[in-house]
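One chain, chain A, appears in both complexes that follow, with chain B as partner in the first and chain C in the second.
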Partner chain A sequence: MHSIIKTSFAAIVAAGITATAAHADAHALSGDLVIFSDMSNPAPRAVMEGMVERFGKMHPDLNIELTVIDREAYKTQIRNFLTADAPDVANWYAANRMLPYVNAGLFEDVSDIWEGEMSTELASTKGAMTIDGKQYGVPYTYYQWGVYYRKDLMEQYGLSEPTTWAEEKANCQTYLDNGIKCYTIGTKFLWTAGGWFDYLNMRTNGYDYHAALTNGEAAWDSAETRATFANWRELIDMGAFIDNHQTYSWQEAMPFMVNGEAASYLMGNFAVAAFREGGLDDSKLDFYQFPEITAGIAKGEDAPTDTFHIPSGATNKANAKAFLEFVVSADNQTLINNGENLGQLPVNALSAVDDDKFLNEGFDMLSNKAPGGIAQFFDRDAPAEMAAVAMEGFQEFMLFPDNLDDILARLDAAAVDIYAE
Partner chain B sequence: MFPTPIEKRTRGWQIGYQAMLPVVLIAWLLPLLAVMLFSIKPEADFVSGNYWSLPSNLDGFNNYYKVFFESDMPKYMWNSIRITVPTVIGCMILSSMTGFALGVYRFRANLWIFFMFVAGNFVPFQILMIPVRDLTLDIGLYNTVQGLVLFHIAFQTGFCTLFMRNFIRALPFELIEAARVEGIAEWRIFWYVVLPLMKPALAAMAVLIFTFIWNDYFWAVVLTQGSEAQPVTAGITSFNAQFRAAYHLMSAGSIVAALPPVAMFFLMQKHFIAGLTLGAVK
Partner chain C sequence: MTNTASEFDAPKRGWYKRNEIAVTPFLFLLPGVFFFAVYVIYPVFQSFNISLYKWDGLGEADFIGLKNYQKLFEDRAFETSLWNNLKWLVLYLLAIPVGLFISLFLNQKVVGIRLYKSLFFFPFVISQIVVGLVFSWFYDPTFGIFTKLIGLVGLEIKGGVLGNPTAVTYGIIAAGLWPQTAYCMILYLTGLNSVDPEQVEAARLDGAKGWKMLWYVIIPQLKPATFIAFVVTVVGALRSFDLISIMTRGGPFGQSRVLSYYMFEKALSEYGFRMGYGAAIAVVLFLIMLVFIAYFLWSMYQEEKGAH
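Right after this comes the complex of A and B.
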């Protein structure tokens, strides 16, 4: 009995000390922190392990347990572990991808992390992390999309970066007249066509309409969507895209541009490393923001954002919040997104970007030139089932544009089931 | 029943045969040749679409350097060894004993037990995927080398028992009877009489099981993840970055991963062929 009282007294004192210490100094975390991560590819894995190591050094008494799960397997396992055996921190994606978990009450509201300065520092992704006015996670990296083009070809034909749809088409016609395709694309795995749809729809109807459409709040067979497809069809009828694109993966479509048979590629910034590998240095490769189509519409951009969340079932939420704050801090963002690590864009506006033409332009574009909003990419904004059906439709449209009525009817029928759930 | 040997055919047939043979051979080997070619090509060749030409420069040999010194490949190879060798040994121990029991002793349930071992081979292992995964997760063997080893031993023992039992059945039973007459204990009969006679069968079986387990991809993917426990067959995909497939490194890695079974085959060719036919004719 005596010893029990003694121990509990000691425990109370110890708890008091840690509590005051925690107030006095944010570096005095102790206890456990369980992290489940999907950063399983070699470079992201090293980044994740590096972050845990540095966070561990800041908090020597904290026992951090990191489990890295294969990125694809993670997508099915998350449903299981969020309900059964929740970690304290889990990776996921922004926007609609996190919506089902937020609606099911599985992700913790972390709005307090976003209070004050953080909201300005992370302004570009705040919308993507917000549902009903509350934030449910923090971003750690993203990358821009845009039109990557052969600068030398553009100079050769005396063209310049287009800013309007008319200029875009005029440039394209010049390329075609010289036997060069305007755009390379490989739609074998469908998502590349999703990128085209995102941009055409955001430029034709605006970010808000695009968000409503991917959320199931707008019909596919509508004047707005038909206008988007009509714009797309202009390019298809010109023969702007390479032939047989349905047989190539995105990688297999690159040689067309590297060898000068196609002038540009609507792609994510990850393509740059591969283009450079293929011999396109900065004198031959450049980038422009997808041009305006409907005048006056605020431009929205695709920037798929990867995130960290705290499951509602977490046991060490205070430690988890400290980790999330560490993740988004400007210094950490600079480090993990530099060329030697993820090679992507930091989400914190105070972070430094590697001195790289494309990263600089992308950082500037997403921070300053995307007033419409940041979309997450079609297959992240729309529910997975809808994205699969719709992207098949996009591919079909690119090959058989006359099937549009059929495709739209099919998408509306699918949407009825998918969004009803 | 058998086709007429080509030497006995007319000259026209022979010429046709000789002309077709190289063509078919090349077609047959093409995927393998492609992997060999890709493994010495620099990445730039893939980006610029030079899939089938000669490597544009000699940087491609760096692929092998990268595989060995700048990747987790050695770790995956070591995992493969840690999985394959214990499995082969475990299967040999278990199946020589079960084979002996089922082949030598006559008891009532003998045939039924034997059928159960054989029947296990007819269960398509894909349908066991989810129960086995849950089982390993529950007993804490998920993502461990031991989990894979235990599972492989359990699953291969059925086939090995069939193999061993049939071989022991074919041994002259008089040898065992003679030993019994001498009053030798049963375990000594197993150890000193039967086991030495089983050596060729064990060698053949070891080669077979080694290649089966080394080449296993399915269970490696189902039961393990990451470089702590995954064997080389599953580890090759770790060369892929999040967005890009590294064909050149995957090809080099595949060649390296394929070397041990190939070496095993050439070194033990005699046993390998014996192993394929041993079970067949009995």
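Right after this comes the complex of A and C.
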């Protein structure tokens, strides 16, 4: 009896200690911390290694083990290691992309670290991390989408940034009359077409309809969705998109704009670095928010969020939580998202946005010009399987717009199965 | 005399010693059988089992009976993949006659023939990934040499070979034929070495030449090579995956998928969480392969019987 009381008392004390350790960085952590990361491209990799180094300096007794896995391979490996050999911290994506793992109980509920200050500081991305009122991870970066365009070409033809659909089409016609395609795009990997659908649908029907559609609450074959596709078709029939886009990846589509054969590109902000490398400086490259289509509809924007999670099978959860808190702290957010590192937007409202034209414009757009709401991206808002089927349909539509009836029927049939779960 | 007596007196030999000759072959077979059972036979049955469930690969699996198969029959993407598999099977067999004619052409004594032979064999040596990339450039709709060449005779394939839903599968098969033909060629080259010169001589005396010589004297002697070429080509056609993955990822909009790629997409890819459905596709692919496996086993059995 005596020994039992003693043990449970010791356990309570131990639990108390870990709890305090998790909530106060001042207490040095000890033990192990195993991190699996998908930040395998050169710049993100340096960021990840830098974070581990700085966190290690704060906690000299902590033994941190970082494994960086190729970003594409990670997407299939995550299933294996979450079930078999779980690390303490793992990268992933927000919203519906994390749903299968949350449903399977593989991601730890971390609502406790979101209590208090963090919820206000990270208010902009909290929704994307929340499923059924609980948070299952923390964001570390996000970025805006928009129309990146050749500023010099626009000036050459005396055009200006369009704000309405009519202006957008008029600009496009001018480019076409001068032998320049309006938009470059590479749909070989399908998701780029998902970006077009997101924007056309959010501008035609609004953010709420778009959210209902990706949640399976609205039918694909509906007047609203058909209106979206009709707008899309206007551009397709004009010949606005580059030819043979189905054979290019998003990177392979870039030279068309760099060489001046296409005027603009609907893309995420990560394309800026590649454009600059391709020789487009700020005098030639600019950015505008996707224009209004249906007048009066509050604009929604895509801003995909990349995240950190704690697998349920983790062994050092207290250390992992401390690391998550470190990742989202204002100073760390300022540092890792600046132009020399990720070159994206910090998730913490107290962080400073690096002084870069695109980051400033993007931050302003997401904070002040997106009253409709912030979407993640088509393949993160819709369930994985629905995204795969739908994006394939978008590509088919871009090539054979006449197949629309068939595509919509197919998507509705697929939706019955997918959302039934 | 004494020797024989002492042998009878010797203590009885152990069970193994007595049965050594009968048992040893099985002992040697044991490791192979064990690994074959664990890595091939067991997963086959496991796939059958999984195909009866609705399972995302992570959480709980729900037993749904044959519903996955029922869905397959309504699934047009599955139908497309099945047809593409058939195209692969039929057109891939072209590798056999083409390989035969190249080997006949190369089977002569000229200075440097070894070099020519190795050049023809080269595509089989390089990785399928490289073959896929080379052909992707070859087919590129803007600067690809294939596009330029057919442009010279006034033809144009809309979207390029790999971007055109009708042409894409044929384009990939053509890429696959390049290394497969080299493989068949090398099989026939070795086969030609063992053609009996006396029979050729006799046939020549009887006045056979040209096509008749080939059809009635050479090809029958190449039967073992033809059999192996047929086996590897059929297997190669059914497991075509790497070229599709590297050249089109099943696109445009799924028109170049085959069963193996569709299974991968449904069960294991980035967006695939339908293990049960994927397993059902795998089972169908297995049943198709089973037809050929049964045929191969049967013909090998017949041959063995003939040999004894």
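We adopt the following convention: the second predicted complex is superposed on the first by the 394 of 421 C-alpha atoms of A that agree within 3 Å, B and C clash if a C-alpha of one lies under 4 Å from a C-alpha of the other, contacts with A are read in each partner's own complex, and residues count from 1 in each chain.
Heads up, the rule we're going with is that a residue touches a chain if its C-beta (ideal position, glycine included) is under 8 Å from a C-beta of that chain, and two chains touch if they have at least 3 such contacts.
Keep in mind the model is a prediction, meaning the values are calculated, not measured.
Contacts of A:A388 after superposition on the shared chain: chain C is touched, whereas chain B is not. Legend: residue contacts after superposition of the two complexes on their common chain; A:V68 is shown touching chain B, with no touch to chain C. By the touch criterion defined above, A:Q251 reaches chain B but does not reach chain C.
In the overlay built on the shared chain, the residue A:N41 is in contact with chain B alone; chain C does not reach it.
Once the two complexes are laid over each other on the shared chain, residue contacts for A:G278 go to chain B alone; chain C is not touched. Under the contact criterion defined above, no residue of chain A touches both chain B in one complex and chain C in the other. Within the complex formed with chain C, the chain A residues making contact are 72, 75-76, 79, 82-83, 100-101, 103-106, 188-190, 243-244, 246-247, 379, 384-385, 387-388, 392-393, 395-396, 399, 410, 417. On chain C, the positions that touch chain A within their shared complex are 56-59, 71, 76, 140-142, 159-160, 162-163, 165, 248-249, 251-254, 265, 268-274.
Only residues 40-44, 68-71, 73, 249, 251, 254-256, 258-259, 268, 270-271, 273-275, 277-279 of chain A touch chain B when the two sit together in their complex.
Those residues of chain B that touch chain A in the complex are listed here as 43-44, 46-49, 71-72, 225-226, 238, 240-245.
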